[in-house]
Amino acid sequence: MSFDVAALRRQFPILGRPVNGNALHYLDNGASAQTPDAVLDAVRLYETTARANVLRGVHALAEAATEAYEGARADVARFLGGVPAEEVIFTGGCTAAINLVAQSYGSLLKPGDEIVLSVLEHHSNIVPWYQLAQRIGVKLRPLPVTDEGRIDVAALPQVVNARTRLISVAHVSNVTGAVVDVAAVVAAARGVGAKVMLDGAQRAPHGPVDLPALGVDFYVFAGHKAYGPNGIGVLWARRELLEAMPPFMGGGSMIGSVTFEAITWAPPPRRFEAGTPPIGPAVGLGAACRWMMGLDWTAIGSHEMGLTQRLMDGLAAVRSAWLIGPPGLQGRLPVVSFVLDDVHPHDVAQILDSFGVAVRAGHHCAQPLMERFDIAGTTRVCIAPYNDIGDIDALLAGVDEAVRRFA
Amino acid sequence: MSDALYHDRIVALAKSRAGAGKLEAPTASARRDNPLCGDRVTMDVRLDDQDRIVELAHQVRGCALCQASAVALAARATGLPKAEIGTLRAEIDAVLDGTAAGEGDFAAFAPVRPYRSRHDCVTLPFEALQDALKPR
Amino acid sequence: MSFDVAALRRQFPILGRPVNGNALHYLDNGASAQTPDAVLDAVRLYETTARANVLRGVHALAEAATEAYEGARADVARFLGGVPAEEVIFTGGCTAAINLVAQSYGSLLKPGDEIVLSVLEHHSNIVPWYQLAQRIGVKLRPLPVTDEGRIDVAALPQVVNARTRLISVAHVSNVTGAVVDVAAVVAAARGVGAKVMLDGAQRAPHGPVDLPALGVDFYVFAGHKAYGPNGIGVLWARRELLEAMPPFMGGGSMIGSVTFEAITWAPPPRRFEAGTPPIGPAVGLGAACRWMMGLDWTAIGSHEMGLTQRLMDGLAAVRSAWLIGPPGLQGRLPVVSFVLDDVHPHDVAQILDSFGVAVRAGHHCAQPLMERFDIAGTTRVCIAPYNDIGDIDALLAGVDEAVRRFA
Amino acid sequence: MSDALYHDRIVALAKSRAGAGKLEAPTASARRDNPLCGDRVTMDVRLDDQDRIVELAHQVRGCALCQASAVALAARATGLPKAEIGTLRAEIDAVLDGTAAGEGDFAAFAPVRPYRSRHDCVTLPFEALQDALKPR
């Protein structure tokens, strides 16, 4: 393997620190990825040399802060395939970005309009639409999930119709790792004049996204899952859409003028960035995007898929283990969920913790998907570029111990 | 270390499933969910006319700690006056806080103390039972 | 002066760095304060030893992250006078906190209900209410401002009436530095059963706030103005209010259960913290609150007011300068706005920048107040504990130069 | 250094207020605000029947750069065909970018180049004039 995982690991200070006396095997990357020195240093540099409020400060620090913030926007725009920077909006997180769309774009919808969501969506891509449905009477239409844990695009014709305004689905499932067939979704939407939003929370951590090629209308992702800081997320949307959308939150910097009688709105992206934005976190996310753009994702892809295969082979040898998700490596990313007969996921995760292995257990904020498979939860392994064979083997050893203990 | 957490008595309690099931004609019943993890406990109780718990059954969709706790609670609660369940709850809280050793099988939960995210797993059956016994 | 400002300054790495060859005289603290080592180190420690997603992770890092995050909530609760930690909600910023109240508490209001705002409010405490007024027909009632730049509490009886549901005003004006007469506002509100919200953005940077003594219902402030990171703000509200309020944003961690048919909400504070919260920024804000609680605010108060007096004396000697705000030190904090005849605030600020002096110039997101005084903007000086006589004297020298150049 | 920015010619232009005021009977007029800083420029123009700018007046509530820019623009624009205003705009943008020296008083704005937050101060009068000349 040409990819030097040991060198990459050295960029992540946390990976070198023992946890409770064990080496850390961090496989909970889908919940939050770890962050490299490049990001930590960029934020510290900002905080100690350029910290100020952005926009309209005429002093040197304010100019530097504005440059750092707008530079981060340009970095994100490049990471997303070279979209115009003005189409990139910084939010407090992926959830905040989806809420922005649900409230702002949603306010343009009418009772009886329909929104299609899949059954494998994260709660963050369900609850804001449910709130919109409660508020203005749009209808939510669930798109089913196959036995392999994929969004069933074959069912699109039954679910999408002339009343469909938006199809909002996960680019990659945070439970099964399945990559959605974007082309099929876009084709179905275009057929009825609907828009498409992709929740890229689990896709962005695996390298640059070519939005122009995908042909969608909205894209969102979270900083902290993409090696950046907490408190920052991204909404990308086509300019025409943003220009037609009313603001979400109100405050400083998003206005044209303010009197007690009338207020006018600034153009995008400022219209959607009320108040002081998360400048430091945005600077960190910009650094994370630059860091990701500097990696060889072909090599990392094979590295990640090699580890995924090793994991799936290992689990196949455990009699009581079964996968929730695609059985192979096609059309997926390295997010793997499994269930052990007779051992609850929390107990699996707790025993893994005693081996220094960090995974997530539970419903993963995807209760409708848990119902679809009639399970309470899964144990989930999410592989990042810095994971190595040692991480997978430690996990498999822990699974053996869990089975042994509860057998 | 999970060896300390999942010691033999806890595993044995959880596996025993003692008291698991449903009652034919419960006087009261309550279901409690933990929305954070999706765990779910249903408690059925039958009271006599002095408000004493004469029978109790639990259905647990949860982890070993939750299973074990339901079993231990059922064993201790059966035969007690309804009014004394608060005392059991206080006892398990004290075990988890490290301020009491706990009687009988409640002592088995002492190793959970440092695992704060797991305390709710132990208390969920208690909450379900307390809900079931609430006046309505 | 017993207070050792030089020692304090050494805790702020940015203050020791020259800007464009000048020593930095940072007096733009009202826009964003600088951040001490204690905060930078706390965030770095979190990122390199405890970074994970919070809530329900069973592995060691998730436990550590949850402890750090909830510990920060407890720190903020202590900073706010020992309120219950469950009444403290972390948001993306002060603006986001006000929007939360306007959307959530606001959704409980009825057409014809009235909200009282003062004419000196920051746009962040006007626009969300304007949006609410547009949406549901509540009425906004402006509370006038005196010639000294204070909220005119004597006018409360004319503005507050039986239809008033909320009085929302700045604890301290971000333009004039005037501290509002909270007792008068609370008394007027109680008389008609209205709630009181204080926008503490400019108050929090000047030390712990005794909320129980103030007797208000909602309090908000921003992390970055209180020596913490960007991307974090605080809403405090009484438990009964929070319990009655519907969620604002929807997403992970704020739900009871989710199906496509029905969703139930978690209790506060989680109900209002949808998605992954700004964990790192919250940890930084917790550290900032602890740092502030460790200072001697009596000594700092005299230090800040000594500098304010020196500034006002210096400006009094400039023939063309006049103040927008209280002329003395009573009932104010060290936020000082001034105008020079014949020199536009931006030109003042630009010339000050060439002396290494950072101030803000413009309308300060307070356009109604600018109209009240019929000015386009002011030059604003905001003093923090780390400012010293050198900062004030550099500013005054710059003002002299501005006057000279444009005279 | 602000010495470089506020050099004598800029200050002189700003102070001159040449062309400041209102027109009695403008052919067109437009106001432009900069919402970020509250600056405001109103431009009145009178065109002859060949769409040539015969008279121009500006009211500026803004900084010295904005004042100076309005004065310089008014001097250059008066007498020009309406269609050539775009060329003036391109010229000032090039001066601010550092890609051209600028003719006459436009050259005075070259020192603004490194102060990116001030570019809008210079271009606001141009935007107001372009607005005023837009077909409607």
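As written, the chains take the letters A, B, C and D, and residue 1 is the first residue of each chain.
The rule is short, and it goes like this: a residue touches a chain if its C-beta (ideal position, glycine included) is under 8 Å from a C-beta of that chain, and two chains touch if they have at least 3 such contacts.
Source: prediction; values computed, not measured.
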item	value
Reference chain C; chain at largest CA-centroid distance	B
Chain pair showing more contacts of the two, B-C and A-B	A-B
Centroid spacing, where centroids are CA-atom means, of chain A and chain C in whole angstrom	31
Centre-to-centre distance between chain D and chain B (centres being mean Cα positions), rounded to whole Å	78
Approximate Å spacing (C-alpha centroids) for the pair chain B, chain C	46
For chain A paired with chain B, centre-to-centre distance based on mean C-alpha positions, whole Å	37
Multi-chain contact sites of chain C, meaning residues that touch two or more partners	56-58, 62, 253, 255, 257, 346, 350, 353, 361-362, 367
Sequence positions of chain B contacting 2 or more other chains	36-37, 115, 118
Residue numbers on chain C that touch chain A, as the complex places them	13-14, 17, 19-20, 24, 26, 28, 31-32, 34-35, 40, 44, 47-49, 51-53, 56-62, 65, 91-96, 98-99, 102, 117, 119, 122-124, 126-128, 130-131, 140, 142, 222, 224, 229-232, 247, 249-255, 257-260, 263, 274-281, 346, 349-350, 352-353, 357-362, 365, 367-368, 371
Interface residues, chain D side, partner chain A - complex	33, 35-37, 115-118
Interfacial residue positions of chain C with respect to chain D in the complex	343-347, 350-351, 353-354, 361-363, 367, 370, 376-377, 405-406
Residue numbers on chain C that touch chain B, as the complex places them	55-58, 62-63, 66-67, 253, 255-257, 264, 266
Interface residues, chain D side, partner chain C - complex	1-3, 5-6, 11, 14-15, 36-40, 61-67, 115, 118, 121
